[in-house]
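Take a look at this one; I'll ask things after.
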């Protein structure tokens, strides 16, 4: 690894406070030309805050940003992009209704006569940018008509259209398939060769070691360490991240499998999935593995009554049931803890106790009239079981920390006394410490006789937690694995559709 | 996990403390102030019959405002309520021409309100259309039908017994309308604050997706709310038609604005999710009292509408300005 | 911009307009005489101008219900100025009207931008406030033709190259809107803010400022229309153009401008306005009472918004291979 003389951009002693929270405290970050720097840290370490400061969305309360050694400020996103800093964000921040070329050039479209936007020139430049990254996309089509991977390429082309010196990639592989990830790596190499400085943010260690030249570690809003990737190991990085040596340990389980509680036969949907059938027993944890977009969540939503399958039967405790709505599902003992807990989980604005009793209002009321004492009773029972930390039960759930909000959501579902609980990506985007708590809790649920369905894209989690795993690909079940057959290799093979070597 | 169970109290502040700090308390202060100013500025104000007359300024609008409050808490809005009044009133007037009696007239008024509400609700919940546009559309459509039927004519000749709803008194100065107002206020208070249905309304307004995932039949609840709002517009149509004794297609023009203002003044968040019925009740009194006070001072109605418009914006703007001011200082 | 969808919708709308013309012509051939068509266009010009302003506002996920009140207030102010001071050169009047209208629009814009009050609430409020102010200014009186200077009332009716000046105003604004919407950063910003506000921030576009600009634009056009309206009908009073804001919103919705923001085209807004204008002018010709108009524009709003929703309904993910081939 050649030593680069000077960083392109250097942040020193950056502090950012929000009312009541210190998000960043005197952190530093240096990015070098032609090198990839991985920014590593748990959730809440301050990674996204630093990205927002770099791109001019937030202004720091203290510290300095140096570009080529000159101190500079980014009062708006425009200033940051003028300084050659560009970001490819986690969420697609593009415009569905505009054309590909318009998306690439919004904010800095080439101008023609009278200062008007020059559409022809814009399309020409967009074409050459797209060609440059090997994307075969017509710059005049609407973004809406592209697939997710192509949208990502447009985002990259957009980043490159601002003659960028610094490219920030915020979890760029989160929504991509294996093949697309490989293409992304190639692109990163190309950018490095062009001498651009790259900030790479990822939760996946294999990626970091595969692609990064340097690392910087943040913890709880503070700078921990930085250096060359070639000089550290995976364990060192984890230790720096969490401040202690942690191995991902899954709880010991002795599954005591009971009677069959759920039996699904021939579930199908016109465009999303078909031929889904399996059986689930009490005390069992059934994993659903597959690549993102394999149809797992779609099937779960049909099972929970949010969408309707075109055919299929669902038996609960041997009885055939038709589930037309979430209300039906809950009444039949099936609950669904969705992936997007912010949007689909807690009802911010309602107090804790009302959140807990929301799906169980039938139990805490008489003839539709609410009985407060019963409500508080039910809420107390389940929140204390989960060791919730709150000032009072009539506090707005929005004032709780993320972990405690999640406890409220789980308490809400347990209060319905379900038979089957579906957990969709239960540990996505949460830090290692909280992950262990969720896993512990899952095994407790199973031990109490609940049947658990866990949708997960993380192989260690699937292997560590599941008694049995169903692998889905392109909307179909491609394998049902247990015991000896359950290995990382079989999971990946089946999910990706690779023939046995 | 600690063995000693951590105790979380049910409530931290007692209900009285909380009530004193609430928007409703502030409104009550305003109401009392307006009352005092009015009684000082005009010798005619503190007269039982005058006060009783003054209640007609708000009772009919408030009846709709109760249902509208629930609708707005759930995150929807109905701008067609005044037009529903026009259509319901026209239907009642037409019924009179066919010789309908008082009972039939009232039932027709309520039924038309209910159907209009169901029409709005169906478009919003079944077809998934935004309620603002749908009800801007039906606002034209419903009143438009009245214009088609009536043109520049008017319906009259309502039976004498029909006059009771808008002109009758239950006892001394206590009018039928004010009694109905209190009964409906109590009913809506129970519905919103004491039933599962009311709880669902709050949940939907704060987070419709989470509400759906919690097993609440979101679309059904919204549909019922639109029907309820239509029904209350029908009730208001019965009272107003009875009070005026005639129907013109321009009846109750602009009421949607006053109803929404009343709801917002009552502390209902226009974006949904929070608010209470007592707030709307007090807001109704405040608006009625102010209108009456202006009337005593011979201020024309259209100038009063400036006040209503300012009130609508001011009620939302002032707390925001205040918090901006606090943030800048601290 | 949004080529496939809007061109399809514009074609349908265009076909609908032609169908109405044919239908009316079968009963009253004179309707499509060039002279009559010019009259219809001239009559629809205020609606076209206002719809183009409203379009900018709706694109940014807002709505401006105060346009008709703005029109009436600005009209009253310029009429009063003219009656008090008839010697004021006529060129200043439209300019003044644009400025007054823009200032009124800026009030809406500031409230939406700085205080983040929902636009529906702001403009419902300013709608009544503006009407109330007209009453205060005029004391409830009308300003009639004889109180206005001849130049004041003559301008919109003057014929230039075979068309009344009112129509020329509409044509110039149609062209200018097309240029602003498709060829300037501001136009692009309208789409960006409405289409994906979150992403707009990341591209350095300020949501609040863009919405403010849309309200100012809508206000300026409403102000200009205020003068044109008052001068054309040679009368100003509190209730002129009462309820016209609904027709303006109707024109936009019929023209395919999505109330959810970010979708629409200048052509659509114009065709939407012309559709309503033709219906309005055709009613008396085919012997239908003008009282039908309100119900017709209401139904048109509902049908159009239902149609929009159907055509833009997001389809579920296509995961199955065979489904992919089928579509």
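A, B and C are the chain letters, set down in written order, and residue numbers restart from 1 in every chain.
Operating definition for what follows: a residue touches a chain if its C-beta (ideal position, glycine included) is under 8 Å from a C-beta of that chain, and two chains touch if they have at least 3 such contacts.
Please read these numbers as outputs of a predicted model, since none were measured by experiment.
Asks: Where is the C-beta contact count highest, in terms of which two chains?
Replies: Per-pair contact counts point to B-C as the maximum.
Asks: So, comparing C-alpha centroids, which chain is the farthest one from chain B?
Replies: Between chain B and every other chain, the largest centroid distance is to A.
Asks: Indicate the whole-number Å distance between the mean C-alpha point of chain A and the mean C-alpha point of chain B.
Replies: Centre-to-centre distance between chain A and chain B: 43 Å.
Asks: Counting in whole Å, what is the centre-to-centre distance of chain B and chain C, each centre being its mean C-alpha position?
Replies: Computed from C-alpha means, the inter-chain centre distance equals 31 Å.
Asks: Using the touch rule from the top, collect the residues of chain B that touch chain C in their complex.
Replies: 77, 123, 127-130, 132-134, 136-145, 147-148, 150-151, 249, 254, 257, 260-261, 264, 270-271, 300, 302-310, 312-313, 316-317, 320-321
Asks: Please output the residues of chain A touching chain C within their complex, sorted ascending.
Replies: So the residues of chain A in touch with chain C come to 55-57, 76-78, 81, 87, 89, 91-99, 102, 106-107, 109, 115-117, 119, 140, 142, 269-274, 293-295, 298, 307, 474-476.
Asks: Going by the contact rule at the top, pick out the chain C residues touching chain B in the complex.
Replies: 63, 111, 115-118, 120-122, 124-129, 131-133, 135-136, 140, 238, 246, 249-250, 253, 259-260, 289, 291-302, 305-306, 309, 313
Asks: Mind pulling up the chain A residues that touch chain B in the complex?
Replies: Where chain A meets chain B, its residues are 304, 306, 325-327, 329-331, 336, 338, 343-350, 353-354, 358-359, 361-362, 365, 368-370, 376, 380, 383-384, 387-395, 412.
Asks: Quick check: in the complex, which residue numbers of chain B touch chain A?
Replies: That would be residues 1-2, 5-6, 8-12, 190, 194-200, 202-203, 205-207, 209-217, 273-274 of chain B.
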